[in-house]
Amino acid sequence: MYKGFKIKQPFFEIGPKAYCDGEETISLAKVADEASAKYDVQIILTPQYTDIPFIAREAKNLLIFAQHMDSLTIGRGLGSVLPEAVKFAGAVGVMLNHSEKRVSLAELNQAIKRADEVGLATIVCADTIEEAIAIAYLNPNIIVVEQPELIGTGQTSDPDYFKRAIAAVHSVNPEIEVLTAAGISSAMDVYKVIKDGAVATGSSSAIFKAEDPAAMIVDMIKAVRQAWDETHL
Amino acid sequence: MYKGFKIKQPFFEIGPKAYCDGEETISLAKVADEASAKYDVQIILTPQYTDIPFIAREAKNLLIFAQHMDSLTIGRGLGSVLPEAVKFAGAVGVMLNHSEKRVSLAELNQAIKRADEVGLATIVCADTIEEAIAIAYLNPNIIVVEQPELIGTGQTSDPDYFKRAIAAVHSVNPEIEVLTAAGISSAMDVYKVIKDGAVATGSSSAIFKAEDPAAMIVDMIKAVRQAWDETHL
Amino acid sequence: MYKGFKIKQPFFEIGPKAYCDGEETISLAKVADEASAKYDVQIILTPQYTDIPFIAREAKNLLIFAQHMDSLTIGRGLGSVLPEAVKFAGAVGVMLNHSEKRVSLAELNQAIKRADEVGLATIVCADTIEEAIAIAYLNPNIIVVEQPELIGTGQTSDPDYFKRAIAAVHSVNPEIEVLTAAGISSAMDVYKVIKDGAVATGSSSAIFKAEDPAAMIVDMIKAVRQAWDETHL
Amino acid sequence: MYKGFKIKQPFFEIGPKAYCDGEETISLAKVADEASAKYDVQIILTPQYTDIPFIAREAKNLLIFAQHMDSLTIGRGLGSVLPEAVKFAGAVGVMLNHSEKRVSLAELNQAIKRADEVGLATIVCADTIEEAIAIAYLNPNIIVVEQPELIGTGQTSDPDYFKRAIAAVHSVNPEIEVLTAAGISSAMDVYKVIKDGAVATGSSSAIFKAEDPAAMIVDMIKAVRQAWDETHL
């Protein structure tokens, strides 16, 4: 866990994956940056590696994370993503072990240590609660618990599921933040998930395949705030 | 083969791999950029993904290539390197199938087609002459023939070897450029290789592990020009 | 190309993949073994690694191939498939680079050489005709040209396609056998493909998902013989 | 954890990796089989996949484990190692996540569940104590804690290290057996490690690169028994 990283609840992750890049990502990043300020919701954005410097120059509020990085140290390793390079580009963190980019347990362990070393926060993905507990022992900043069978179904996890996920991770280390995702297809889903007790959620395809991705981002961030205030004020 | 890409003999590839990044790479890129102009030697530089935008902003003469990219199209695929993103960042080409980042034949075939489609040149690595011929059928812009057993030995390929490599590739397609590498450890090696008939070569560890990488770059590029002029004028 | 391997046209590949194993594969192997003798059609069977010894003990006519092997030599490499072990178990060959088990070009090159060395035939898969030509330069015994977009569609390649595939491979080396596959879903498909000029074809899911796999094997082998005799006698 | 699997302390793992196969492995397996009976030390042997049926036919006492398997279920997946096939061949368990054959956390989780389902014990490798704890949450039968930096050094872990490893795993689940390895290069090392508190250890290169592997196996198993009796009687 990189101690230099702070994030405030509620927060939200926007995942461009390979859905968009360049001008489109930069433009949506600006929208997200403003929504973050307006609704006081911290946003983690995970753009393509090469888009990081462009967004870092523009964004004031976004928390830019790389989609992945390798644990390698300075040296050989052509085609790898060097932690120092990610940091230099303006990222404040890195996502690891997403279901589309699995890494071995040993590599995950080393990559988290490398992130701590160079000063990058880590957001690590788990498919199941037992995997989330296992990952908690490797001490990342944030764990995403995402039921892969719900991805793209438009069906969100039930409240009990993410309450158990949060409790399980906190039984190992209460400082680790838990983001519960999968199945978010609308601002209404976002609202529901936060009302049901999540402190953070996120979206990828629902934003980037929307007719108006910018509007979807604003609606989702607004929904986070509204649900949070109704629950926590 | 991306037809929009032109390169003039002799040329030289500088491979930072994961040896350096950020300020150091940017600074060495400037040195290479000037050496390229001064000695009229085109230079392919393959920085870390996230360093591409920084170098693209500074360099006037360098040919910036990504170290790798995936063949995927717009869509899912977190952690992948999207061809469009590489292009947007300012790269003019991409390296594929380096011995530290192998891809399958089918992926290589598709990545070359994707590069052609988005407008990126391709430099593809082969371990042996028979692999170089096989790759020539996939029609990249440049093939690197590198005897892996010589890497890091300070022993360069014998002249006969790269003459055969060039002839073999050209028997398939004479438009494909052939870069012969491996074992380059000094400006003298560069000189020798070009004198012996190579039209392009390159270096990685010999530059980045040198006491003075900037001086090594200048010396090597100067050696390319000198050897070329002695042989071709 | 392992010169100790001979195969006679027409031939047929049966691919159990992970569809079946143990008693079921052994029992179907016996059926295939008898059909091979009865219809004078050589059959390549690619069982699970651990099933090879069981089938080798029973079969008199089948050509048993491993589904994959690694190019590694005696030494470290836990979890790898050692060529010598495959040979010892009773396989006469190995499949390489199937679309479900891609290998890099360098690994493919080395694995073919290792197969030659230990005395195993090689059947290498290609997605496209250009990949088939590339592979032909690596000199395997057999190349499978399979249009992946047809797999599981019940639509077979058009006759022109596999005539071009065969011609392309033979332009490099006329000793390499060419098996054209994809889209075979019935004995009628097998008949059609051979009538249209193929010298070999194969099936996987159509056999192992059939209600009666044993009957399907017999019908397909019979169809090979019938189509072949109508075309070649 | 496959409940049908029982193992008695002290036990020992012999890892042929790709060091040997066929007749040599079968012959050494017989030696190990007899040593197991004579010294009442259970032995886990992890031969090449294709060697499993041969050894299963001969051995009376050995616990045969596959070097790896995939979590896939009956269906596609050419080149994979199907759990059912491993079981059919006569293995009673499977090794997972060795440093030479890493798997992702999600794959590891699923493979352990598949092993439980088909009735195979699991021995899972960890590089560090924190990884061992993480793996313990996935509930395998046995965890190997192996300091990779000691592999091949002839220097064994210090006693404190494996006491901490055992305690850490047992804090999660006391039913999981812990094998501590790395650096075993002689029967004397085996003796020392058991005297120092290990309940199980193992060897690979020290056996298979020995002048007389059969003698080395006997000496090591004998050392296990002697050290155990001196400590536990």
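As written, the chain order gives the labels A, B, C and D, with residue 1 at the start of each chain.
Keep this in mind: a contact is a pair of C-beta atoms (placed from the backbone, for glycine too) under 8 Å apart; a residue touches a chain by one contact, two chains touch by 3 or more.
Only a predicted model underlies this, so the values are computations on that prediction, with no experimental measurement involved.
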Both-way neighbours, i.e. chains that touch subunit B and touch subunit A: none
Copies subunit D and subunit A - interface residue numbers shared by over half, same or different: same
Length of the line joining the C-alpha centres of subunit A and subunit C, rounded to whole Å: 45
Separation of subunit B from subunit C, taking each centre as the mean of its C-alpha atoms, in whole Å: 38
In subunit B, residues with contacts to at least two other chains: none
Graph class of chain-chain contacts, one of line, ring, star, complete, other: ring
All chain pairs that touch each other: A-B, A-D, B-C, C-D
Subunit C - residues contacting subunit B, complex: 97, 99, 102-109, 126-128, 130-131, 133-135, 137-138
For the subunit A and subunit B complex, residues of the former touching the latter: 15, 17-23, 46, 48-54, 66-68, 72-82, 84-86, 88-89, 91, 95, 98, 100-101, 204-205
